[in-house]
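When the chains are written out, they are named A, B, C, D, E and F in that same order, and each has its own residue count from 1.
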């Protein structure tokens, strides 16, 4: 569960590279759930300076390589203007029920605030 | 100059009600400049819970009553996915040059972080 | 490793009521878990204890008491507030909006030990 | 009341380099003012002094030195860093990325007195 | 270089204009609180805005050795669940209208946020 | 109720599992630092993530009387302009891969953010 805003670059990189390292170590990772300010990571209309670390692209690349689901909580998305039309590719909007289901089947849940 | 995020409700109300009180006291107020996280206040696609204080509507109402200009800095807007298509009515996107011009003609500038 | 469902989930509220949407969105999470009958413990830590302050007048900005009341209605009983934070913000246990147990750091740690995760 | 342009504008950097986009966007503001030849004083206060830390290796996340260097090129000379904050973050004046004057609280206050506004 | 706490009050007998300081953050998470306290002069004014209003309650703890005139806004108190009786006796509770008329008396405003 | 600073270490001799604590905020703006320090047991582990990595430098000042195993990530250090030599001698500098393999050894993870 990722909760930080897209402009908190240290936190964003920590989440992406933890996920990448966990997959490399053979751990199973199926769902990344974007909650609170992290919903804005899935905003296609946000322009990121080409010099800066880009959390949106970093997640998209990791998701493509490892068939991860990038799920944005619908409540968080609505508050921040993330709608189907402005959704970045690779991301999907979903309800908290999906998060509960992921919790029920997971051994552990990690939050990246 | 308004810089806080739309979900910082205490700060948002402080800025709106200071502006309202200043106008009531006869001060001249022409431009509200939205910078940094405050750019997202002008996002039409963001849904605000009907029970919560709504900074976007509060500014729109004040602007209509007193012919204020609500200007969002283009750099802040681009970072946060605020584009012409998702811009709330009453707001306009502008460059920092407009802010410099407002600075040059103003007696004082107040920042609401 | 055992599944998460074996033990209660802990949710920690660490931010004040108007410091962004954090408190509001964590309450939504708590409500979703409680509605699904997931065993749940709530912790109010640091500035988060302010969420428990009983308001003198109704707040026009955002209405928290309703959501907190619903959690109690859903049967969430494990509600803890950090004693040192209550003191720092001059809050008495009797003045809280919902009934919470004031706990020391040692008690907080013991409560953490019972959880499958704390988030 | 006199116009703002009569005296220098003060810009205060109070957040760390990666604590959101604050530092980056305030640098943009400083660059716009400096490019318009507006008299300008920069203050690095509290966690903001970290912006002045000379990096050991180039940061892959975001490149601040370029923007800070441009400000110096534009002729901005009034650059102050809070002495107590430098101490708290273990920064020596000689180790800073750009030349800044370490100032006490009393000197900070005197510097503030010279400004049309500090924001 | 002198430490904030070691600063002697007489160092601040400047001949410059009085300043209105605006504090914005919850005192327990405000790294600038000490910096602000150390620059306040007897003829200055400090406004505890938004979350900073909490500092008006356990004021001896948060704001030791304060100088100048201290203010807190009633709407902020109410939204934080506080009453005027909770506020330290040397901190004034005011309305937004009063803040506007006070603020024009100060040539410089400084936001600590 | 006992104060954080007055807490005797022996109170924490619990029989429960060890916890991995994740700290995320700049130590000067972290109201939860004392809360975390007071709950750490000798067999626990604390990771100074993102801005919290700054606490590894003036560690005596920020983290007095710490117990347990303390870690900081090399990428965070580098992005904050720090080097391994700057870090307190009892705090280990590790890679993300090492963090992943360590984290599975702890049954519970706690984010202080």
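What we mean here is this: a contact is a pair of C-beta atoms (placed from the backbone, for glycine too) under 8 Å apart; a residue touches a chain by one contact, two chains touch by 3 or more.
Everything numeric in this text was worked out from a predicted model, so none of it was measured.
Colleague: When you check each chain against chain C and chain E, which touch both of them?
Modeller: B, F
Colleague: Measuring centre to centre with C-alpha atoms, which chain is farthest from chain D?
Modeller: C
Colleague: Name the chain whose C-alpha centroid is most distant from the C-alpha centroid of chain F.
Modeller: So the farthest one, by centre of C-alpha atoms, is B.
Colleague: Taking the mean of the CA coordinates per chain, how far is chain C from chain D in Å?
Modeller: 40
Colleague: Round to the nearest whole Å and give the separation of the Cα centres of chain D and chain E.
Modeller: Each chain's C-alpha centroid was found; their separation is 23 Å.
Colleague: Cα centroid separation between chain D and chain F, in whole Å?
Modeller: So the centroids are 30 Å from each other.
Colleague: So which stretches of chain C touch two or more other chains?
Modeller: As it turns out, chain C has residues touching two or more other chains at 18-21, 46-47, 60-61, 117, 119.
Colleague: If a residue has to touch 2 or more other chains to count, which residues of chain A qualify?
Modeller: Expected reply: 7-10, 13, 79, 108, 111.
Colleague: Give the residues of chain F touching no fewer than two other chains, as numbers and ranges.
Modeller: As it turns out, chain F has residues touching two or more other chains at 26, 28-29, 31, 50-51, 79-80, 109, 111, 113.
Colleague: Give every touching pair of chains, nothing left out.
Modeller: All touching pairs, sorted by chain label, are A-B, A-C, A-D, A-F, B-C, B-D, B-E, C-E, C-F, D-E, D-F, E-F.
Colleague: Would you mind writing out the residues of chain F in touch with chain A in their complex?
Modeller: Per the touch definition, chain F meets chain A at residues 24, 49-51, 73, 75-76, 79-80, 96-97, 99-101, 103-104, 109, 111, 113.
Colleague: Show me the residue ranges of chain E that touch chain C in the complex, using the header's touch definition.
Modeller: Those residues of chain E that touch chain C are 26, 28-29, 50-51, 54, 57-58, 61, 78-83, 86.
Colleague: For the complex, give me every residue of chain F touching chain C.
Modeller: Result: residues 1-4, 7, 11-12, 14-17, 19, 31-32, 34-35, 38-39, 41, 108-113 of chain F touch chain C.
Colleague: Residues of chain B touching chain D in their complex?
Modeller: 1, 35-37, 75-76, 79, 96-97, 99-100, 103-109, 111
Colleague: Could you please specify the touching residues of chain B with respect to chain A in the complex?
Modeller: 7, 40, 43-48, 78-83, 86
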